[in-house]
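In structure tokens below, several structures.
Two complexes are shown next, each including chain A; its partner changes from chain B in the first to chain C in the second.
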Partner chain A sequence: MNDKKGMIFSDTFKPIIIFIMMIVLMFILFSFFEYDKGFLTSRNMRMLFTHMSISAITALGLTYVIAVGHFDMSFYLVGCLAAMTTSYLNKTDLMMNSFMLGNIHAFVIPAVFAGIAVGCLWGLISGIAVGIYKLDDMVTTIGTGFIAFGMAYFYTKGSFIYDNFLSSGITEINDAKWFTIPFPIILMVGLYCISFFILSRSKYGRCFYATGSNKVAAVFSGVRVKTYIIVAFIICAGFTSLAAIMTTAAQGVGNVKASLNFLMPAYAAVYIGIAVFKKPTVIGTFFGALFSAIMLNGFTLMALPFYLGDLIIAAAMIIAIIASKIDWASIKRKKSVPAPTIHAN
Partner chain B sequence: METTKLRMQGIQKEFAGIKALDGVNFELQHGEVHALLGINGAGKSTLIKILSGVYKKDAGLIQLDGKSIEINNPQDAINNGIATVYQDPQMIPSFTGYENIYLGTETEKKGLFPRINKRKIRKKAEALLERFPVNIDLTQPVSELSAVEKEIIAVLRALSKEMTVLILDEPTSILTETETEVLFRLIHVLKERNVAIIYITHRLEEIYQIADRLTILRNGNNVATLSTNDDETKNHLAVAELMIGKKLDKIYPEKSASVGNEFFTADNFALEGSFQNISFKLHRGEILGIFGLVGSGVEELGKSLFGVIPKTSGIIRMNGEELSINSASEAIHNGIFLVPGDRRHEGQINDEPIYFNVSLSNLKRISDATGLIQHKKEKRFVQELADQVQLAARSISQEVSLLSGGNQQKVVISKGLFTESQVYIFAEPTVGVDVGAKTGIYHLIRKLAEQGKAIIIISSDCEEVFGMCDQAMVLYKGRVTLQKSVHECRLEEMLLCGVTGGKTSE
Partner chain C sequence: MNDNATEIENGFHISKLFQAQYGLIWVTLIMMAVFAIASPTFRTPGNLLEILRQSGLLAIMVIGLTWIAATGEIDVSYGDIAAFTGVMTAVFLKAGLSWPVTFVLAVGLGSIFGVFSGILVVYFKFPALIATLAVGSGLAKSIARWVSGGAVIHISNPPGVVYQIVYGTFYGIPILFIITLAIYLICREFQDKTTLGQHLYALGENRQATQEAGINERRILMSLYVFSALLASIAGVLLTAMVASGNPNIGGSFFLDGLTVVFLGAMIIKAGQPNVIGTLIGVIILSILGNGLTLMGEYFFVGNIVKGILLVFGVVVVMLARKRNQVEGKFVVA
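Take a look at the complex of A and B:
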């Protein structure tokens, strides 16, 4: 029992230290090579984190689904439907007749929530299909996702929605600042804090992870496994919908393809986190998203073509998956004492 | 027959310091069906696994046709003509019967893509069927076939490779009675063709139908080898006595004399296809033991009482009040906890620490109103429980997968204790647990009873039920074949009711 404190310390903090070192190293590299391009300016940092917030919120939602041991291939498509729903409601006449809250029309708020609600509804459908009817998660969510994507076209047959975007105040979602900190960053930090407490510090988190590790044992322990799977899918779809609406606000146009490129960065962030923390965690996902964001930002400043960004992050994800498959502990153990074996007779 | 086909002599095997086999001798004649009998843990499966190359023997001699052979891996066994057919043989479901028989041996031609001639394989299969006439349609995909037909195909597969020793590992445990007949007919054919068969079973009555001789194992020793024609052998009770041994080990705690009020009752509890008409009245402080072999429905009974498998009919009452339980969470909420038999799959979250597992079933107890976990409180509670069950672990932050079987079981029991339930159901509480830890677990269970909990032990180990419990119930093929106070019944009687359904001949 002597090494108890030491064990808890190293288990929790070692991965965080690894991450911080990785990120500090990248900061130093980019500041050194791109000092003249303004990497370390506060303007660039604000931009970096604002960009990051969108992929980070999506990845945070996905973390829940990975935590319950499933995959979601629908969220990035569901985001498109959510963004189009909000854009379409934003265009209605009701909008301009509503009263003002500061410099936004009050109706923008229900429009945003309606978009998120539609996203959550899709999460509910996927969750029921996977959790209760035990359909294969990959194939089912590809199906539900593309139904959502198809439905996103219903509003305008796929053309952009420009109406009311500049006048309704919806762009404030992206532009608003609080003590010079952009609203997306505040939103991201808020959601990460809440999720950290849910997944790592609460009884609900225990149930999410138990479901992901051993569904049968979780059932025998009285965990409502089906409920947790459904909730995970709803959170994933809901967070992605929010991120898609934020993208729409940033672009200032309702676009059917608003969140079509969210898939890979979200998985990359989650799996870079898993590589270091050994399981899907909120902190791991945050660092994963930050890692990708710094790389993207640095490469953009280097004036590398945009498509190289995806390529490099995808490569980083593959390396992360390989790293997470290597059992470092057992390699160390082999050097000192043989691993304990369990005999089942 | 004149010569011995297979002789095993002084076979020894140890697992982590526990002797599973301690000098077993076994002889198999040409064209003989030789049954291998024994209760759980007697060493039957270990002996078979040594013969089929799954385990390596520590010491001893194996002779085939008078020549010494070494079996170090499954391939060695096959090369020597020893084939094992398990009760649920592995096959490719979409392939037809004859394709499965010749899987991997379709052609002698070498090369990257040797041509496979389906017609030729079919002809070969038909020739095989001529030699071993049995009524089976080999042109059907295996997925369409019944359990017995799959077993027959597995047997034919072994025969196609010119196997001369066939091991049938509990082949009838998942078969219906008519299916069993089909299998027995094939076994008779094999006997005529001079194939030697080792037949493992729990069911005593089958042995008289097909076996020539039987060998009884107990605690890693062979106790007796008898011919099924002997008068002595026909006395089931005598065979049961040989399986159990006369004296019980002193590993069970004293039974308590006093019990509390009637607490947990079941009335005509049933699950279609598994068990029927289960009724019992359990008092506080009392232990009910339910004994039954694999496939008797005992496993499902535990899960049904716990709500994991919904019952078809019947009523459970606690303290006189009717309970409606449709899920494990409802059962736990009502104060019922099941310590499952299959720890690795049902009991523990493997890659999480001990404290995570222990507190999982009653997270309310360690979290505040918002649902946040109070770690100090959790650590204190879990440490107390770990001390109480005498858990041997480095710390409560250790992953459960790194613990030994006995300690893993203690973690699962601690999880149950943490729920502070009133009714505890233990399914196979000591499977995969060594003898020392067994005693500890038995004392823990008895102590729970002394605290006034109502306890059910479900086990395929007859001795365990007899040694631990106050009331006994025996299930055979889903029916209750014995139900009375343990003081009033004999161990042999219990075993007999479990293995034959209570039909005693002579």
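Take a look at the complex of A and C:
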């Protein structure tokens, strides 16, 4: 293990190296097979990372919830409500009457934050239900999520919102560039950096993980377990709301089902990360999201139908977790050792 | 809960009807009264029997989920497995196979997903949610879309016998509901009268103790996931027979309903624990609710909100009942 002298790679770097090798392998494969389709062009890379930013931000929020040892099944439904709230505010007269900031209307900013705030409110409700009242996390969040999804329909009874999307400047969330780097990528990198310092380099991060691994021990160590669970759910709902609003901006239409397909990619990114790092980490989630994004992009260039995306991601996740559960050393020794569980609830 | 059960057997008393575990039945009766007053269509016998017929499909689909939830695990793949089997049924029928052969093939294929999620949960120690999510909305749904090319496959109306099963009536009562009731009564006998049925609840109460008592936890969980997929597949074939088409995207519409009925059902009969008779009553309650709201001209998403509230309400009652059943004096985290 680590205590051996002369060990070059610590346990922290081994998984990163595994991931980088996997991703480089994917890159080489796709550039080899799809050179003529332009996999390695800068335009495709920009597109890859812009697409990735949405699922990556969602997965980052989910990482917090998994870190405190819970599941959230409501985030993808809450995102729909947040996206519809922003789209609805975008439609109001207030939007067109507000002054201009560059090429966007100033009211876009409060509209986006209102959407995120509605999402956070739902995270707060789920967090209180799970953290303080100790309800079963999966089933409760499915309940609260579908309440949010039902509320999302109230704005327009389910029809799309097209109004003001082209004129208000809300699409700049997706289209704006800073030194040729699209804004979603900057947002993603920024959020990942902040989350990395919170979860991996601060005492708050320790408290999140302590809550996840043993609640009783965490309480006795002076960790405010309930607060951390509630905060985790709020962060998850808030990040998903942001991602859903980004999707809305990219599509240029307010859609009730904006974030309905976020569920699978987010869980896949987090669990591919866990499979390699053995615990939910920011770096693991990032590589998990990058891994799925490269595969999706590569297979899309191969002209595979869109509905195979979930199949590929699910298969990758299953293979990654199974590979992490097999104790390779014990197979050589023909000795059965019980596989370690990644979840300590 | 055993105490409650014996109490009821010992003697009937009016006050027992107002106990917590019968609360939901009162809610249902009030709900039915309101709908019956508000909508003249609702109170026709034809509509009430239609409610029973519609509830049959969901009822068959969620028996497996009921028992999986009783052991403390979860299964979210039933809807997508049903959709997959529905698509396969349509494909096989288009290819010219007969109904019995199609039924066996489609149900067999659907059950493979149960074997798969069972292996992932039992042998590879996946969290049950992740395993069934990957198998259901990852594999089953994508393969169904792949096979059907992403579109709905239409078939001709089923022949006499199959049509009778889904649409026929026996002395006015829908045959589908009679079949459902028979399955539920058999499952109730299994759940309450056999040792294996008791092992399910033992697993839900205390995993460690169950294992040390020598109960084969792995075999029980494995067979439960296969059983769940099997019944979801049967429901999928019935669904295709009913609507004469195979739709790969229909699984999502059963997702919330299935979980809601199981956790509503956990409020009845065995306080705090999912059980088959409770689930059946839950399915009927949800059908009444959906039917009544539609007839009163409400939008479908109002139903989503009401179901979500009912689901949370069910979880709260289940948790309160479990807390009461737990041994007193145990340390409870802040």
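Throughout what follows, the second predicted complex is superposed on the first by the 315 of 345 C-alpha atoms of A that agree within 3 Å, B and C clash if a C-alpha of one lies under 4 Å from a C-alpha of the other, contacts with A are read in each partner's own complex, and residues count from 1 in each chain.
Note that a residue touches a chain if its C-beta (ideal position, glycine included) is under 8 Å from a C-beta of that chain, and two chains touch if they have at least 3 such contacts.
What you are looking at is a predicted structure, and each value in this text was computed from that prediction instead of being measured.
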Partner chain in contact with A:158 - chain B first, chain C second, else both or neither: second
Larger contact residue set on chain A - chain B or chain C: C
Touched partner set for A:307, first chain B, second chain C, both or neither: second
First (chain B), second (chain C), both or neither touched by A:282: neither
First (chain B), second (chain C), both or neither touched by A:142: second
Chain B versus chain C as contact partner of A:118, first or second or both or neither: neither
Touching partner for A:129 - first (chain B), second (chain C), both, neither: second
Chain B versus chain C as contact partner of A:222, first or second or both or neither: first
Touching partner for A:315 - first (chain B), second (chain C), both, neither: second
Contact residues common to both interfaces of chain A (with chain B and with chain C): 216, 219, 343
Chain C partner contacts - residues on chain A that touch it in the complex: 71, 73, 129, 133-136, 138-140, 142-147, 149-154, 157-158, 215-216, 219, 225-226, 263-264, 267-268, 271, 305, 307-311, 313-315, 317-318, 321-322, 325, 339, 341, 343
Contact footprint of chain A on chain C as seen in their complex: 74, 120, 124-127, 129-130, 133-135, 137-139, 141-143, 145-146, 149-150, 255-256, 259-260, 263, 299, 301-305, 307-312, 315-316, 318-319, 331, 333-334
Complex interface listing, chain B residues touching chain A: 15-16, 20, 41, 46, 306, 308, 327-329, 331-333, 338, 340, 345-352, 356, 359-361, 363-364, 366-367, 370-373, 394-395, 397, 401-405, 415, 419, 432
Contact set on chain A toward chain B in their complex: 1, 3-4, 7-8, 11, 197, 201-204, 206-207, 209-210, 213-214, 216-224, 279, 340, 342-345
